[in-house]
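Have a look at this one before I ask anything.
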Amino acid sequence: MFLRLRLPLLLTLLAGLVPVVAFFFKDEARAVKAPASWLEQDMIIVAGFALLLGVVNVVQSNMKKIERRDKGWFFAVVLLGGMAVTGLVGALGAFRIGGLPGIGNYPDGRPTPFAWCANYLFTPLQATMFSLLAFYIASAAFRAFRVRNVAATILLVAAVVVMLGRIPVGEGVFGRFTEWLMQIPNGAAQRGIIIGAALGAASLSLRVILGIERSYLGLDKGE
Amino acid sequence: MAYFDISRVNALTLFIFFCIVVILFIEKARADRNLYIRRIAGLNAIDEAVGRATELGKKVLYIPGIMSIDENQTIASLAVLAHVARMTARYATDLDVPNKDPLTFASARETVKEAYTLEGRPDLYQESMVHYVTYDQFAFTAAVSGIMVRERPAANFLIGSFYAESLLLAETGQASGAIQIAGTAEVAQLPFFVCACDYTLIGEELYAAGAYLSRQPAMLGSIKGQDWTKAAVGAAIILGVLLESLHLFPGFKAFFSIQ
Amino acid sequence: MAKGIAKLQTIDRRWIFLLIALGTLIPIVLPIGFPVTITPPVKSIYDLIETFGPGDVVILSYDYGPTTGAENDPMADAILRHCFSRDVKVVALALYPLGGLTSLSNSLNRVTAEFPELEYGVDYVNLGYKDGGQASMKLLADDFAKAFPGDTNGRPLAEIPLMQQIKGAREAKLAVSIATGIIGEWWANLINAQFGLPVAVGCTAVSAPKYYAYLEAKQMIGLIGGLKGASEYERMVKEGYPATREAYANPLLQTASKGMDAQTIDHLIVIAFIVIGNIAYFASRRGKGQA
Amino acid sequence: MPAYAFIGTWVAALLTLFLMSFLYKDNPFFRFAEALFAGVSLGYYIGITLDQTLRPNLLEPLAQNGVTPTNFHLLFAGLLGLNLYTRYIPRIAWLARLSLAVYVGYYVGINMVQKLQGEVLPQSAATMVDLTGGGNGALAAFNAVVVFVGVISVLIYFFFSLPHDGVVGRVSRLGIWFLMLGFGAAFGYTVMGRVSLLIGRFNFLVIDWIGGTMRALGGG
């Protein structure tokens, strides 16, 4: 029981103290700084390993859908196919197998198969999904900005003034006021949020280091 | 102490002050179990949202942000997830937790599994409740949007660290008719959650949420401690403004500046 | 009547989507050309390049990728057209890892096609992409060859006539960074601060507030902010150099003025819907009050 | 236009339209693009992780130099990484938690000092304004008052230990108004950036796809 419950909490405590202590020392204090920088490099690698955890889950659940011929199983085939092809040409490139120069372009500018997938499948899909925001921001504004009460009215007026201040037809009237709104009142509100949230985050850190907050480990036994 | 970084003496002072105050209040809370913490509107709505999903026989969708567990907002979100999962276990409501980050995925699984065990319903827990989607922000958004329109969850929780996908998810969820409770400390995304969700936990409220919901004395004590540190910071700001306005003792403001 | 208006509150949001799509698409196909007023931060860049002539060299750094091309491409293109119209030489390079090289090559191909008299290696050079950010930037300030041994096709710099005239970036007249993120700041606080080379930046609207601080601190001689700034520069180039008007009239060319048109229309659509929503909201409340 | 680019542009254009069709309603074309996107993006990150993290940070240092005193910690990293997979072996599944514990511990430690030093201190210092405007005129003084009142009232809104009534209630109401003013302004400001993303997509469809195809067919 000690191992299962206390060991993880002890490791959290130790791993948490390393960067905190290192933070207050100069670079010359190598005995303190070195473990922190090792841990930093190591955590990047751990995160790299974690991706496969996700891949395993995706393969398992989609294979199940295909085997059971669930509704929409065809899309599970598309998903796994896309992943297998892109992942395979990526792995071949990463290890320079089959004459591939890597995962970018050939010296003459032609794309490797992985770069082709990145340029013509991944990037346009990403950019398109991102661009849908232009539509959603309009529909959200339409629905949310109503003169319901004081707070909602302030929200509405500030948004409309800034929108007018950013286009040629309204710039002359609202341009300067827009900059003022963004810098002074908006700056003050943001600063209040940041100070409060930073203290909240620090308090959470302390709870985790002390082993009080542990739901992220599934050790939520209470006191 | 030649190795001590003297330029960080101000940070060290704040750090020590903060730790002492928080730990003192944690100890105090363990002795006196009646600490006052005011209501936080978004948190009281959680029960209502899960209740509605139960009534309608639909699922609860919980998105723990898109960042990894190296981000404190994610850890704060998992603490809220622990509470939500206990409720869905109690009412035997379906829960769905899609993930963008693989480590968050691994953590969220532990969290949900434990919540179902604690509620005495490990039989209801299924591995498929917490699942992985993809590492790309917008591919994840597309997939979750698909879940929202096809499976029409009755309650959407968007709690954690969000970026540009905040409004894409919140608008899609809104159009699908779900009750939406959001929470983030990403200042740039707060306007969108405030506009498109029913309740929004703003900044510090997100970090306090897990502690507030757990009702454990030590947790509440840490909120008290952070609260009084905040009061001290506020008092220091007021003092600093007075000194600056009277052009006295510029060293006070300089002490708070870094570098 | 009030009931009819009140219904607008719950109008299908797809009508809004349709109008936004049209408001964005139509100006791309049929430009309108809303008038833009020229602002000082943009004009000071134009004015400085106006003082350059044949033999002067400008460095143009592509510190953005295709994702922000809608805002950044027209800036880079306008600077190129301005320089080429005055026979000013251009050394182009890319420091942005996520597609900086793609943006650089496309932009050069686009604009040099409009100036058939230009000769590669004499009037302009494409050095390609180099990673390493600030480290590369420091190297190329003294000696381009240290950061870029060859141009984008691997031709040694020593064999390129233009690169024989100029050894390091500090010998140029001006460096222009078209940037999406932090790299433009490095040009100001590294190259301008350490080598005194005048620096101008063109940035996306989202990052403009940050760059204004450098402008005010005089670490930059000018700033082109977002589509608005780009459309101002376009207007000055079109008015100053009538020969470029033909290129700008090409319906298949993406320009900042078209983008600015779309932006203006979309803002007005959103505002119109907010007004409609509120009228409907009041109508519904009055309707309830009477009942 | 080379063949790979011609085909690629067509594929990209169709996928763009498939995704956009979601605005009308969910449909099989969107589902196709959505599934392909999920798969390709996962494959993309497999390639990127192998090429840019595991090879240069783990495999190459160990392969080139062997295990040395300065890099033996990489073995620890590899072990922690592999340990994540013990969750698939029921008897030792709990071991996976140890990796999570170290990972979370390290980052909450970093976050704690960074938030206190990098956010609380400088943001507080920046709020210590000279209410007289420091000789920069009435507007500067007014701005200083607005900043000061805004920050303090928002901080009071976030104070959890007192109920929102009486004076605290009124000040925190002011705090909410500041928040709404800030949110509204930020919302309006962002519309522009989002519209330019859409312009970028439409430029691609009109200029690169339709225009490019016309040029290619016209023998250009």
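Letters are used for the chains, namely A, B, C and D, taken in the order the chains are written, and counting of residues starts over at 1 for each.
Simple rule for what comes next: contacts are C-beta pairs under 8 Å (C-beta built on N, C-alpha and C of every residue); 3 or more make two chains touch, one makes a residue touch a chain.
Just so it is clear, the model here is predicted, and its values are computed rather than measured.
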item: Shared chain contacts [chain A and chain B, defined touch]; value: D
item: Far-end chain from chain C, centres as C-alpha averages; value: B
item: Nearest-to-centre chain - CA centroid comparison; value: D
item: A-C against B-D, pair bridged by the larger set of C-beta contacts; value: B-D
item: Distance from chain C to chain A - Cα centre to Cα centre, in angstrom; value: 27
item: Distance between the centres, which are taken as Cα means, of chain C and chain B, whole angstrom; value: 38
item: Chain B and chain D, separation of their C-alpha mean positions in angstrom; value: 16
item: Whole-Å gap between the CA centroids of chain A and chain D; value: 4
item: Chain D, residues touching no fewer than two other chains; value: 19, 22-23, 31, 33-34, 37-42, 44-45, 84, 97, 100, 103-104, 106-108, 111-113, 115-117, 120, 124, 127, 148, 151-152, 155, 158, 179-180, 182-184, 186-187, 190-192, 195, 197-198, 200
item: For chain B, residues contacting two or more additional chains; value: 8, 11, 15, 18, 69-70, 72, 75, 103, 106-107, 110, 133-136, 138-139, 142, 190, 192, 194-195, 202-205, 208, 223, 230, 233
item: Residue numbers of chain C (touch at least two other chains); value: 13, 17, 20, 24, 66-67, 205, 263, 266-267, 270
item: Chains grouped in pairs wherever the two touch, ordered by label; value: A-B, A-C, A-D, B-D, C-D
item: In the complex, chain A residues that touch chain C; value: 107, 123, 127, 130, 134-135, 137-139, 141-143, 145-148, 156, 159-160, 163-164, 166-169, 171-172, 182-183
item: Residue ranges of chain A in contact with chain D within the complex; value: 3-4, 7-9, 11-20, 23-24, 38-56, 58, 72, 75-76, 78-91, 93-95, 102-103, 110-111, 114, 116-135, 137-138, 141, 150-152, 154-163, 166, 178, 180-182, 184-196, 198-199, 201-202, 204-206, 208-209, 216-219
item: Residues of chain B defined as touching chain D within the complex; value: 8, 10-11, 14-15, 18, 36-38, 40, 69-72, 75, 103, 106-107, 110, 133-136, 138-140, 142-143, 145-146, 149-150, 188, 190-192, 194-195, 202-205, 208, 223-224, 227-228, 230-231, 233-234, 236-238, 240-241, 243-245, 247, 252-253, 256-258
item: Parts of chain B lying in touch with chain A, wherever the complex brings them together; value: 2-5, 8, 11-12, 15, 18-19, 22-23, 26, 30, 68-70, 72-76, 78-79, 81-82, 99, 101-103, 105-107, 109-115, 118, 128, 131-136, 138-139, 141-142, 164, 167-168, 170-172, 174, 185, 187, 190, 192, 194-196, 202-208, 210-211, 214, 216-219, 222-223, 225-226, 229-230, 233
item: Interface residues, chain C side, partner chain A - complex; value: 13, 16-17, 20-21, 24, 34-37, 66-67, 99, 154, 205, 209, 228, 260, 263-264, 266-271, 273-274, 276-278, 281-282
